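Presented sequentially are two complexes of subunit A, the first with subunit B as partner and the second with subunit C.
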Partner chain A sequence: MIAQVYGKRGASAVHRYDPRAKTLLLLAFLVLFFLPIAVGHLAAYLAVVVLLSGAFLGLSNTLRPIRMILPILILVMLLTPPFYREGSALLAVRGLTVLSVSGLLLALRLIIRFTGITMVFYLFIGTTDPDELILSFRWFRLPYTVSLILSLALGYIPTIRTLYDQVRDAHRLRLAAKGEGVGEAGVHRRGRGLFKRLRESIPVMTSVLILSVRRIPTLAMALECRGVGRKNARSSYHTLKTRAALLRDGAIALAAVAVLVISVVLFP
Partner chain B sequence: MNDKDKKAGIAGSPAFRIASLAILTALTAVFTYMVRIPIARTGGYLNLGDVIIYFTAFTFGPVSALVAGGLGTAITDLISGYSQWAPISLVAHGLQGLVAGLIASIAWRGKPSTFNPFWVVAAVAGTIVMAGGYLVAQILMLGAGAALFELPWNLLQNLIGVVGAIPLTIAVRQAYPPVTKLRW
Partner chain C sequence: MIPTDPHLSIRNLSFSYPEYSGIAARHLFGGLNLELSAGSIDVLLARPDQGKTTLCRVLSGLIPRFSGGQLSGEVRLGNLRLLEQDPYELLEQVGLVFQHPGEQLLASRCDSEVAFALESLGVPRSEIETRLAAALHTMDLERYRRQSPKILSGGEKKKLLVACLLAVDPRLWLLDETLEELDSGTKRQLLQLLRDRGRSTLILSAKWHDLFREFANRIFLMEDGRIRAVGERPGSRDFQRLLLKRGFVLPGEGRNTGKASLPERTSGSPGRSESTDPKTLLVAEDLYFRYGEEGRGAGAAFALQIDHLRLDAGRILSVVGDNGSGKSTLGRLLCGLLRPESGQIRIRKGEVLQPAAVEELNRFTGYLFQDPDLQIFLPTVFEELALGLKHLNLSMEEIRRRVEETVSLFGLPAGEAPPSLMSYGIRKKLQAGVYYLLERPLMIIDEGDSGLSVNDFAEMIRIFRKQEGALIFITHDHRLADALADEVVELKSGSIA
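The block that comes next holds the complex of A and B.
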């Protein structure tokens, strides 16, 4: 389960790239996709991101996020032009503009923007180890308490998922003994309406919540035994890369940002 | 524990606060990502993350709901492949929990295991904040057309959250009364 959810370790250059420098590049690309530059130039930046992703993650991994957002992209293509019908008409029915050049360009801009944002986030998250990600947040002055909450929550997700499965199966068995059935999602099959199915899932949720909440004092005691809450500085089992690696990767990131800025100024 | 923590009971210690926020964040993530109700015929799903956010707001208070709602849904977006929504979920669901928690804790001193009428007002305010946050972000990223198309789904998602959270809160408080002592 843990490997399935968080298993994103790899050996490519992007995987080994320092997460702090990667964060800088992520922010630069995010800003870039919101800049009011020509649609053709935006498409070129998107092509660079897609090529990078294809080179480091492979074609199937690169297509995966695009497949996931495809329904949204189709929606944007269908629903944006009717809202923006100014300018020269491309398609008109009885004198009423259905599709205009500006509407089409805006739809393309939004599609490129959303695909670009999706791809840079996918590259960033898909190639960064969760432990390193949290350590880099700490390097950016995220309070230790918040990073500890994040680490603990990530660790408890598989535990609570298992707990949910156990409770759901137990409820299913009790209902089976009464000659009733329960669906795959732990929701009663006999309930037809949405709210009826929600009501029938309340007993499972109640049990899971109580069992989870009862763990809080135990976890709190464990944390107190480890000295959490004291004023002394905390150490970490995992560490980020050395200063030399950060300087090297940071210099590469700054150079890439400079290239982006120059290209935007030269080709607005 | 220092004197201040002793006066506040177990819920006053920093370790307890960290533990409760971590468990509630994990619960929000699990119920958002893994526990879903299929919508008949459409093939789509509605998640139960909002149920936990409102439960946290009603039971544990605004700060817990802010952290658990924001971090829990952001983690879900990160691990489910929709990481582009993570910053928006962090803010929108965090504020949803904060607003709902603040309103729910105003002026109600009734029995802990009975229905609090402020929960409905809190949930409506939380819905407005969450749906409004997503609407603004989606207009910026996807345009007005797609954003307005998504709005009813966000509202339905919140309605599920409210309808589920109220009986769930009452059920948990009746089955496990010490839960009300864990608020801080």
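The block that comes next holds the complex of A and C.
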């Protein structure tokens, strides 16, 4: 999913936004989604993030991460309320509370929190060039190795997605039996249930995990072959934006953080 | 003090991989010796699984650092003792292009990929810009400068890795099967460049390329952990006999066979009525496919247009063409992994040819990806081969029988061997074994000869031919195509030439 967003980098104001200011906003929104504020208010903040993503990345790109986590969200919705049945009952059978208001609110809170965190990370990673990301981390005085690891880890997300698609294609071509088939990346799934798809994805995910683990030593080899580990100072081909851009984007980020803080204080 | 005129000397090098649970330690080299002259291009020929990649990694300082194992002996580049250096300290001394390019690419853009090592060296930004522009220009990759390496074809990825080395320009170049998957023009250009620059180069290959005769100073043969020089005069009759005997060329290769003996070059329409001919398995007509921005990247638009292509049972078609000419795209269309924007593919359904939905193409076609690792996931050879058979409701005895037969046919290690510890070439054979057992009417082998000796690849084709379906193999090797295929189709910029 993010691979496709990467392909369009530089196209929107969010893409052009200074990564240092963007990092500040990322942290602010992450803290926000973990605050114990009213569910309705959390939902409003999530709506803001979704609207921003829709405006800058388009509707289909915005829905893509939500589709990806949808099975988890459904499981949270189904499994959380039965374990939290305190408070006033919404549904009771023979005096036994099956669904309570607090259980429902907790499930909603978890869903909003998880969706919000996913969306802000998606926006951040999908609109920031990995090279700028490293430079940005280094600007925050993180050591190069740590910045590189963070950048590689974040950059591996689209790789995993591509790998998943390739492995899924390989599995389906190999195991295609009567009535099954793959077609163009995931478009031929008509008539198949959610649980069947989840069950089918387990061997694919296992294979992706095996391939990813196998990649660790070769990745380390590739890094050292390119000089990672040398003691001399590194130079940089890429550069961060100008000081003026940082001041402008930083001011916008600080203003946004101030708005968030005030809104949280006013509407806890 | 590092000399400017390096001379590679390998003396009494021995290496064995560590013992893994249930797997004995594997001894690869026992007292290996090799001397390379400064500034010369030398070739080390070895069949798959003889330790070419391991040798490259030893010389680059990667083994035993990342693999464990026992290493002894001495390796010097000029006065520099290579075995005592960490890989990152050898950046300007030894440059390695991995056999499997996907394992070496790190960056999200092609220019960042080339700049990465220069940044590690602390080269000033203006000089990085100059060097990377020159390297991308030399390898004809400028149009991909701001694109992700992921959108490149296998051959283009190797070109990008060569560009990375060009920018750093190390004193010793190690090219691990790098000529595989490169088109002939790029191969010549690369060898000419190395000769012009006077860089010491060791090319490791499982296959003989005619260009070696023109560019290589010396040819070495590695067998059973030992190296010997075999070709001071690569054009001689004795040398040809040796190549043939060791399986680095096919009979008739390496000589001027003459056009008359070559297979027909065709657009796939030899004249018979395909609808009525029961041998016709597949016909593709007016196929058009175009990658969007997400596929090949903006500024790198690519379209494939196939007017007519016909495949008959028992026939072998080879698809050749330069890097990025659309060979793999054609393969992915024919197996239904890509959907054409227009045109149709008809396949034989009983007595007639009928348009095929992509799901039907999935079941009709077996497609061996260029990268075998995307199709090999399970812990043992047996489990890998048995997986497809388990879906056919066969008894365990029958599954075992078929797996054992396939292991023997393809010369695979025993069923309990772990694929992750097998060499690239053997993994390619395993991938072929997996698809052989599926018995699909059409098989497509994408760059299957990469990492295999020509004998091994010819044997693979012979095995598939017995299944009497149609077979397509995609290759850069025109001589191999001419030698093994009944028909050859050449793609140029997305169309049949």
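Couple of notes before you dig in:
Keep in mind that, in the parts below, the second predicted complex is superposed on the first by the 171 of 268 C-alpha atoms of A that agree within 3 Å, B and C clash if a C-alpha of one lies under 4 Å from a C-alpha of the other, contacts with A are read in each partner's own complex, and residues count from 1 in each chain.
Following the convention adopted for this analysis, a contact is a pair of C-beta atoms (placed from the backbone, for glycine too) under 8 Å apart; a residue touches a chain by one contact, two chains touch by 3 or more.
What you are looking at is a predicted structure, and each value in this text was computed from that prediction instead of being measured.
By the document's definition of touching, of the two partners only subunit B reaches A:156; subunit C does not.
By the document's definition of touching, both partners, subunit B and subunit C, reach A:217.
Applying the stated contact rule after C-alpha superposition, one finds that A:76 touches subunit B and leaves subunit C untouched.
Applying the stated contact rule after C-alpha superposition, one finds that A:113 touches subunit B and leaves subunit C untouched.
With both structures placed on the common chain, the touch criterion links A:85 to neither subunit B nor subunit C.
In the overlay built on the shared chain, the residue A:232 is in contact with subunit C alone; subunit B does not reach it.
When the shared chain is aligned, no partner comes close enough to touch A:248: not subunit B, not subunit C. By the touch criterion defined above, A:173 reaches subunit C but does not reach subunit B. Of the two partner chains placed by superposition, only subunit B is touched by A:124; subunit C is not.
6, 152, 159, 183, 187, 203, 206, 210, 214-215, 217, 219-221, 223-224, 228-229 are the residues of subunit A that lie in the contact sets of both subunit B and subunit C, per the superposition on chain A.
The touching residues of subunit A, when paired with subunit B in their complex, are 5-6, 34, 64-65, 68, 72, 75-76, 78-80, 82-83, 106-107, 110, 113-114, 117-118, 121-122, 124-125, 145, 148-150, 152-154, 156-157, 159-161, 164, 183, 185-187, 192, 194-195, 197-199, 201-203, 205-206, 208-210, 212-217, 219-221, 223-224, 228-229. Those residues of subunit C lying in contact with subunit A across their complex are 57, 60-62, 65-67, 86-89, 91, 96, 98, 100, 103-109, 111-112, 115-125, 128-129, 132, 148, 150, 164, 293-294, 297-298, 335-339, 357-363, 365-367, 369, 373-375, 377, 387-388, 391, 420, 434-435, 438. On subunit B, the positions that touch subunit A within their shared complex are 1, 10, 13-16, 18-23, 25-27, 29-31, 34-40, 46, 48, 51-52, 55, 67, 71-72, 75, 78-79, 81-84, 86, 140-146, 148-149, 160, 163-164, 167-168, 171-172, 175-176, 179, 182. Put simply, subunit A touches subunit C in their complex at residues 3-4, 6-8, 129-131, 152, 155, 159, 162-163, 166-167, 169-170, 172-184, 187-188, 203, 206-207, 210-211, 214-215, 217-230, 232-239.
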